[in-house]
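Multiple structures follow.
Consider the two complexes below, in which subunit A is the common component and subunit B and subunit C are the respective partners.
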Partner chain A sequence: MSGTLQVSILWLLPLLLLPLAVYSGFRMLIGIARKEQGEGERDWSVPQLEFEGGESSPVHRWDVRFKLASFLILAFVIVSLQHPQTALAALMLALLGYRLAAIPWRRGFKRLLGMAGFLSMFLLMLPLTAVRHSGDLVLVFGSIDWLGFNLRGLDLAILIILRAATVALLMEPLLATAPLPVTLAGLARMGVPRRLTELLLISHRYLYVFLHEARRMQIGMEVRGFRKSTSLATLRSVGNYVGMLFVRSFERTERVHAAMLARGYQGYWPQPISFNVMPADYLKAAALIGLGLLLVICDQFMVG
Partner chain B sequence: MHQLIKPVELEHEDLLMQVESLSYRYPDGTQALAGIDLQVRAGDRIALVGHNGSGKTTLVKQLCGLLQPDEGRVRYKGEQLSGEHLASARLEIGLLFQDPDDQLFGNSLYEDVAFGPRNQGLSEVDVDLAVRQALRSVGLEDLLFKPPHALSYGQKKRAALAGLLAMRPSLLILDEPTANLDPAQERIFLDLLKNYSGTLILISHDLIFLYELCERALVLDRARVHHDYALKELVEHRPSLREHGLDFSFRFAESRRREERVEVERRKVRDPSDGTGPAAENPSTLVDLRSLSYRYPDGTEALRGIDLAIQPGERLALVGENGAGKSTLLMCLLGILPFSGEYLFTGKKIMPGKGRLVWQQTGMVFQDCADQLVCPSCYDEVAFAPRQFGLDEAQIRIQVEMALKMVKLDGFDDRVPLHLSGGERKRLALASVLSLQPQLLILDEPTAGLDPQGEELLLDILSEIDATLILVSHDIFFVRELTERTLVMHAGQIALDYSTTDFFNDKNLTSLNGLDYTYRDQCALQIRALQHRHEHAHRHKHLHEHDHRHGELVHQHPHEHEHEHCHTYVHRHAEAGAHQHPAQSEYHEHEHPGHEQDDHDHSH
Partner chain C sequence: MHISDGVLPTAVALGTSAVSAGFLLWSLRRTPADDLPKVAVLTSAFFVASLIHLPFGPTSVHLLIPGLVGALLGPSAFLAIALGLVLQCLLFQFGGLTALGANLLLMGLPALLAGLVFYHFKGRSKKQRILVGALCGGGATIFSALLLALLLASGGEDFIGVAKLALLAHIPVVLVEAGVSAMVVSFLLKVKPELLDIPFVLKEKM
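Presenting the complex of A and B:
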């Protein structure tokens, strides 16, 4: 079906609310997933992953180098998909993998919620701004004929959202099923410069310190009455705030480096992490990449 | 009396560290160290003291080879600190930084503590043993795999120390190890360091802590070594302490503030209806919390059913162990955190996370004052809050000047906050909230990182401020001086709410939260007793025998003198603040060096 379809102007309202509905949907999912949250303090005397339980899942037992390679290849495959149907199938597979890795849903939904605000805008922007091609079905609302809602644009928006959500969900089994130092050591073994992986490791640690510092400074400003507005005074205050954060971070960097040197740091982080490849690692990698290829073939078949 | 530098001469083979004519200048031209000579013997326990900016931290950085001297030499075990020797020396010297976050760079405690032993080239079995032993010694063995960012401040401090202990250093250098710690955590540090058998260098303004641990005092003053002698001698000599900002005798002065507070408490006992009692029902209540609770996003219950009423003009203290919920309660009082329960401020309901009404009438000075200093000049900093609330510039100028004057920073208008000393920054942070003339003033650990001189000044300033006060502090002296009501927090609840006098008389407090608040008072009294050996002069007679000359005749015989001079004797004070001298006999014998050279006359 192609051409222009005249619909009542009232249809505009639910379409305008579509992004909000998607965003609220994600929030609701987080609310449901919150029930998974464990009560009480963890037992920190044993090695921890990013969450409790599930340490014996097939994804956890997978050699981190194979895991990294397989998931990254799969991510590239997914972003190359052209049809919402195959992208939806990829999302289903990602959810299955997520479940197999026994990761709490809340984490994944929270990650999706972080993207939802931005992605849901595509649902409105692309249909309203997509260039009309022959064969496009465009909804026109009553007498407002200059405002066409292009369903091809909606398709495209859904495709982008599905691809982004799938890749985001894949990142959880990739990053949360091994301690970060092990994942980064795996990256280093795969040829990523060691300096870069060590930088990532330290950045992860100091990201929390930076966020706490930034939050405390923000509170310090808020309790003295600071409220953002579109004024020059706000711009000046925000500039001072960012500058001060920069100065403090710079000073901290110097102190951290001095502390590392004082404890014998000589240019590399001593981490005796060893990897032991099993036949199952090859099998898992082959299965995952095979699924990716299957998705690509299906996608191409749909084009045909 | 002013004792000049008297370096200890040591045999060469005893020396662990030797500093010769060391000078260092920062790239901005600041002379940080000038002509430092120092010898550290194995087993020495040295207190490195002096004013902020005197060069203490720079000196310890030189001792670890983190900075290279412009002139002079630093030797460790006889060899100059450079090249291969420096790399191996760093594995034997432990340096604890002031801010534990600088030192905990691992992603878990285990990884962090293992960093040093792995650099030492130990096998993984030995690394594991060293890590577990070190964390056990600081009481953190249950948190082996916890990420450092999820630790409390006290735990971070202990974890940072564990990272050094795991390396079994022969020289341990600690920079302000107990700043911001509660008495229980401080006790852990004290016990650990008492049992440490290596060489120890401690930088601290806490003379009581130093006195417990060190024998030798190295006093830096304006980049030079000013004294190098026994710590006991420094402690006894009050003028030296005063000169170097270490005199804490103001803590013993009989204070007017304390008398006034006792009087207020007495009035309350006589007339309980005056509306300022701990749980008084009063329509003019400033802060009224009912069943206030807060849970962190990770599910930890931080506050549990807090009921609290604060009347205008009340001055109350909030005490408790690290992690008891004090700071969280302050954040809820400010309306920052999304609490549950009811909160009325001046009778108006405050919605969770919406505290603008509170902010206009409340000033809070943060524990780390750097968190609230964001402006390029002191004037702008103090004017920040009035500007946000829309006051006109003329009014702002008046209020800024008033606030700066109140904190003794008048004339600092154009100075850059980042370049001020720790004490000045703390006072600037106070001025930045006083400029709004708040009804309620909240102070979170105001004495953290201040030297005794800074504390004394802050105490004077705070006692002159006319506002309702909430003081969060582990410094029991400030609690005693500034407040009349004390809330003891424990495990997210207000466990006790009584008068400050009752708090000080509460013998069961230690069993509640394990904090011994009286310990520091006892140590301080010991030091105070020592100080009095130098303080008194009185007219007296004594009999002694020495060579003397009468014309051509030189002879020796006992003779009696009456004169007045500074006179050393030891006496103790029964309690803090009391000061009675023991009875002195008019006639008594004592050492009188050099007396035979003095001009004197007597019947013969």
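Presenting the complex of A and C:
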């Protein structure tokens, strides 16, 4: 089917309602996420990258280096899929893998929520702004000629959303099945400069410290009657707040560094983490990459 | 705004990853080894600052602060932003794994440029420093929005509409960013002016 399809101008109404539906769906998801955390003040919590211990799934037992390499290759394979059908298949496989890694669904759900705002922009804009080609099916509303709902654009948006969701779902099995220091040690073994992985570990550690500090300052401001609004006063208060956060962290930085040196820090932490490769590691990597190849082959031979 | 997975063409995703890896290594090398842990600790502070939301009319915008990071850290800014973005990707899925390189370029390059501009034009007087701070904050955000639009448009002609929308969405961010940068610079001038004198990590060398 191609060409333009004249539909009644009344169909424009549901189209106008679409942004509203996306918006309210978005609010609802945030509401669910809030409810799960319990009522109360604004949610300042940053999800922990802690690994869900206790579980001993095949993904947990996998050598981190093989896991990292396979997932990274797979992620690039997934984002290069060109058809919604294969992308949907990939999403199903990712869900299966997620289930296999025995990670709570709420974590993956939060990841999807993190992308929702950005991706809804594509869902709303692409059908309306995609360039009309001769083979496209475009819905035109009555006599409004310039506004067409291009179904190819909708396909494209759905493809993007499927690819993004699949990679997002891979992130949890990748990161939550080993403690962060082990994952980073694996990265270092794979050739990422060790200084970089060490820094990442420090940043991750102090993130929660400063978050706590920022929260205390925020509470102090609220106690003194500060309420955010679109005004110069808010701008000034927030400027001072951010400035204070910087000053305090600069000073803390000096103390932290001195303390690290006093404890014998020489640029690296001792790494008691050892890796031993089992045949199963190779097998799992081969299986995952094979699956990726299969997806690419299906994608290449898909017509339409 | 961070680019998520699945938006960029694979060639662009791979290319931007390679280019940012190059910048990252350069930034790592320009940072004295002793200062590395300090940069890491500061990154956490920048990360926390970027979680602050400000109301702007009916919507709210969150701070990006690439301009301030550049002004305070100089050449190490790229490294700090890389650490922050990796954490945002790992923790919240703000910005995808395969789009990490692209996101790094569109935040890191403006920060480097802002750092350069601030370093050379900050002058001596208070007024000038505040003004240059605001320009760096706003300018870095504009540069970042342009890079974002360019990267989005690399997907093909279909994406030009989305790229334009992304550009428009940054207008309130630019205003808030410029305002907050000016306020932060004026606050630092009163409280700890030495932070603005020389890029933090080069302090001991000079």
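Keep this in mind: the second predicted complex is superposed on the first by the 244 of 304 C-alpha atoms of A that agree within 3 Å, B and C clash if a C-alpha of one lies under 4 Å from a C-alpha of the other, contacts with A are read in each partner's own complex, and residues count from 1 in each chain.
Keep this in mind: a contact is a pair of C-beta atoms (placed from the backbone, for glycine too) under 8 Å apart; a residue touches a chain by one contact, two chains touch by 3 or more.
Note that the structure is predicted; figures quoted are calculated from it, not measured.
In the superposed model, A:I202 lies in contact with both subunit B and subunit C.
Legend: residue contacts after superposition of the two complexes on their common chain; A:M260 is shown touching both subunit B and subunit C. By the touch criterion defined above, A:M171 lies against subunit C but remains apart from subunit B after alignment on the C-alpha atoms of chain A. Judged by the touch definition given at the top, the superposed model places A:N240 against both subunit B and subunit C. Of the two partner chains placed by the overlay, only subunit B lies in contact with A:P179; subunit C stays clear of it. Legend: residue contacts after superposition of the two complexes on their common chain; A:P19 is shown touching neither subunit B nor subunit C.
Shared-chain residue A:S249: touches subunit C; no touch with subunit B. In the superposition on chain A, A:E222 contacts subunit B only, with no contact to subunit C.
Looking at the superposition, the partner that touches the larger set of subunit A residues, subunit B or subunit C, turns out to be C. Common to the subunit B and subunit C interfaces on subunit A are residues 44, 46-47, 202, 204-206, 209, 213, 240-241, 244, 247, 252, 256, 260, 265. Every residue of subunit A that touches subunit B in the complex is listed here, in rising order: 37-41, 43-48, 179-181, 201-202, 204-206, 208-209, 212-213, 216-217, 219-227, 233, 237, 240-241, 244, 247-248, 252, 255-256, 258-266, 269-272. The touching residues of subunit B, when paired with subunit A in their complex, are 61, 64, 66, 87, 90-91, 93-95, 97, 99, 101-108, 110-111, 115-116, 118-120, 124, 141-149, 163-164, 167, 299-300, 331, 334, 336, 355-356, 359-360, 362, 364, 366, 368, 370-376, 384-385, 387-389, 418, 432-433, 436.
Those residues of subunit A that touch subunit C in the complex are listed here as 44, 46-47, 49, 72, 75-76, 78-80, 110-112, 114-115, 118-119, 121-122, 125-126, 128-131, 153, 156, 159-164, 166-168, 170-171, 175, 193, 195-196, 198-200, 202-207, 209-211, 213-214, 228-230, 232, 234-236, 238-247, 249-250, 252-254, 256-257, 260, 265, 267. Note for the complex: subunit C touches subunit A at residues 1-8, 10, 13-14, 24-25, 28, 33-34, 36-45, 47-49, 51-52, 54-57, 63, 65, 68, 72, 79, 83-84, 86-87, 90-94, 96-98, 157-162, 165-166, 176, 179-184, 186-188, 191-192, 195, 200.
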